[in-house]
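Chain nomenclature is as follows: A, B and C, assigned in order of appearance, with residue numbering initiated at 1 for each chain independently.
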């Protein structure tokens, strides 16, 4: 990590990037047996993220541009110009113009550089909890981030350079506060968010892979006919107590239909982690950040997560579609130096209902990641 | 902006880039009513430019590579190795091998980082005034750029990594001189250029959007049957007088046909600007450059432009095709710090003739840009 | 070339990249006359390589990410996290996880930044001597690289972000040692490698252009029906004696078929170079590296190479397919400064057999390159 700055801190300039390489072994437990759908089981490797960019600040202004090249093209991530200032001695405010994270959810916005697990929960970074969009994001916060209030007005994610007239407008708002804080390693943070989205081009689809990003099939796959906008809310709790942390988030998403009744989605995840080597989950500005190992031998962390995703739609009292999945993940993280990370995850689906049918399949995956960022 | 250099200035190395994010509202004034052509009206956002690259110099040699990733792929911009030296105490010369701007026109070559308006004039950076091509560019100039003579031999723009056998060869030449110069803030520069282009694959097409880069339709759209090469000339005048500047350019492009008579295009633009805060249009090496605000509150500039594009072809004395557009643009530029810029433009077409028919439509757009470069 | 490091050398960070621009003139000598196959003769330019990336090290760990953008998309090159340490005072070992060069061959792994010729030999960086793949590479070596042993376990090259279940697994091993070494400018190195590859998706194809990377046709083009895995070995000798160097490599590749007999490929190249200005071929860590000119006027080198590629398959004693090519290349390299290079090559095919038929065509090309790296 290289930051070039003047002595007074009036300006900064920083090349940024990350590379994450995964090796995976996936067992579908017969999920697609007899369907002729292949390419969903076995071993593989993936360049999960490969990003290059620059960010900088000059007095009250800032800018950032980062793109992901892992897939062979340029997927635009943050691309914005920002301004920030003090409202009072204790209160700051800021605005970002361009593409950046909307003001909704914790797991979606939490940086992939510092995630406790190789993959985000089912609901995060999906149609149910959108990530980066193009527009304006405003934030006001306590200087120590004891409380934070952000709101975003956006019109979709940049695709082929732009957002279109028929991309849905989204308004989102998120607040968080820290009712208990002994120090940055002993604290409790509570957050909540609300999202309202237009109907855009009249289509809505939520879909998600089971246990690995490398497989092509997504057993959970729900579209909404006559889509007419949606509302959602989210709540999250983060607790850190020395080497131990726990994080829970709940999302409720309602996609309205002008031909059927609404399609409701609920998802939640509960995770816990423990640093064997005494470090703590790093909390910074209301989200996660990079852990610095205490010793030159690095930091070791054990993590576990349970998560659920469920959707149900009703027509005249009868079920329209029903998908559900439960998943456990266990992991070991090794952080040899602050900007490096090796991760080992075991994911296992324990319950999977597709289109109302409870399958017997319990797909699982063993996943390894080697990661560096700068 | 970060330049790493040795103390003697023998070598330099610099990461470069820019990000420009636009928010737009377009009114087509009924231009495509009843045609079933959509996606040309309404609000949208665009990542107009998002570039990453590096440039450097070592003694008399230089190199540069920059690509634009805004559209999701890598669009190659400058990619060259250069050499420069002194011919005498007052005269310098240089050559660039690779892809760089051809020696033709002012508005096309003027950097998008420092433009007075969000979009270039109709004729600039188009088939009528090509931008970067692959080949060799030679330049000789007074050490203070009081005069400059450049010529380029190129064979098309790099596409999919290369230029092909059937890309047209282009020879261009541009000269400029400064008959009046009190100081860099009070000067007059006159420029002229000539271009000769082969027939390449036998096709020629000029087309241009009306008021915004985000719309998909281009009402001005002229192809030439039996294309057999072309010649063009351009003339430009730049005057700076303290906080005031004026810039005018005229292009005359003649596309020859071996089945019809020639298709003639003429285009011109006249712009004026005034810095309310006392800065001046920055003139550097014969082109525009970055303005440094005089105060920490930034620089404010008012700008206005009128432009015209017109084409007419004649078969046996009768008109073959006729397109014409007149447009006004008014703008306010705010430059909070040297490498940041916020722009607001209002564009309005006041006359639009498509295929010989004078439409009543007067499309207009309100455009906002947030921009940073490094 | 910019390396940022702390004083003790515990960490380093470096932006990396290269740009290579070629101008070419190709004469096919009637090879495709009357076939209707065009686009294979004439002049053209090419952005041969245009790479951006970063690499760094922190204590015993390292990372690198570099992509090539010349073709308009992002072609992933090195993307790995590495670890290295000392086994004893004289012996080092290391591992790379991600995508990097497999442990096979000299010319394939030798960096394009320092090549003696504009193009690699026929067999290098092809199906016969694969370049970068995704997996793990282990190396153990003498601290001065007097001997080196590397082995790689990989599963194909990253494409669209990943390697798939049906990509072939490859195991490769390479060793080299230096029996004679007066100093780094007078030495002899001998290397050898072995490769074993699975059948993957059951297809195998080797094809190669004749004299230039810009042409679309590849006269040498051999596929194997019922492909069932392959084995290969390679041997190479590098000798440096002051300003003179010679390099030879031989590859023998056998592609097994479960319907026909095996298809055998052999290829070799012999090159020699002489620095008129007294520099030497730069040997570093068992491969080539950048030459620093002795004088500010730069280094001049003359180079020549002969190469051959040949394939023959047998069904029941009769020839299945037979392709062969002999080629000479003569070149002049000018290295004005360490990170710059101008190259001029003349390639001529002297024998060309396609599908068992000896053509009379002797394609040739004149090639120029301007190159910078950082």
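Convention: contacts are C-beta pairs under 8 Å (C-beta built on N, C-alpha and C of every residue); 3 or more make two chains touch, one makes a residue touch a chain.
What you are looking at is a predicted structure, and each value in this text was computed from that prediction instead of being measured.
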(request) Note the shortest touch-path length, in steps, from subunit A to subunit C. (result) 1
(request) Count the residue numbers both subunit A and subunit B use at their shared interface, divide by all numbers used there, and answer same if that is over half, different if under half. (result) different
(request) To the nearest 5 degrees, please report the angle of the rotation taking subunit B's Cα atoms onto subunit C. (result) 120
(request) Please compute the C-alpha centroid of subunit A, do the same for subunit B, then give the distance between them in whole Å. (result) 40
(request) Note the residues in subunit A that touch 2 or more other chains, in rising order. (result) 15, 52, 73-74
(message) Please output the residues of subunit B touching subunit C within their complex, sorted ascending.
(response) 4, 13, 15, 52-54, 56, 58-59, 61, 63-65, 67, 73-76, 79-81, 83, 97-99, 134-135, 155, 158-167
(message) Quick check: in the complex, which residue numbers of subunit A touch subunit C?
(response) 1-2, 15, 17, 19, 21, 23, 39, 41-48, 50, 52, 69-74, 214, 296, 336-337, 339-340, 342, 370-372, 374
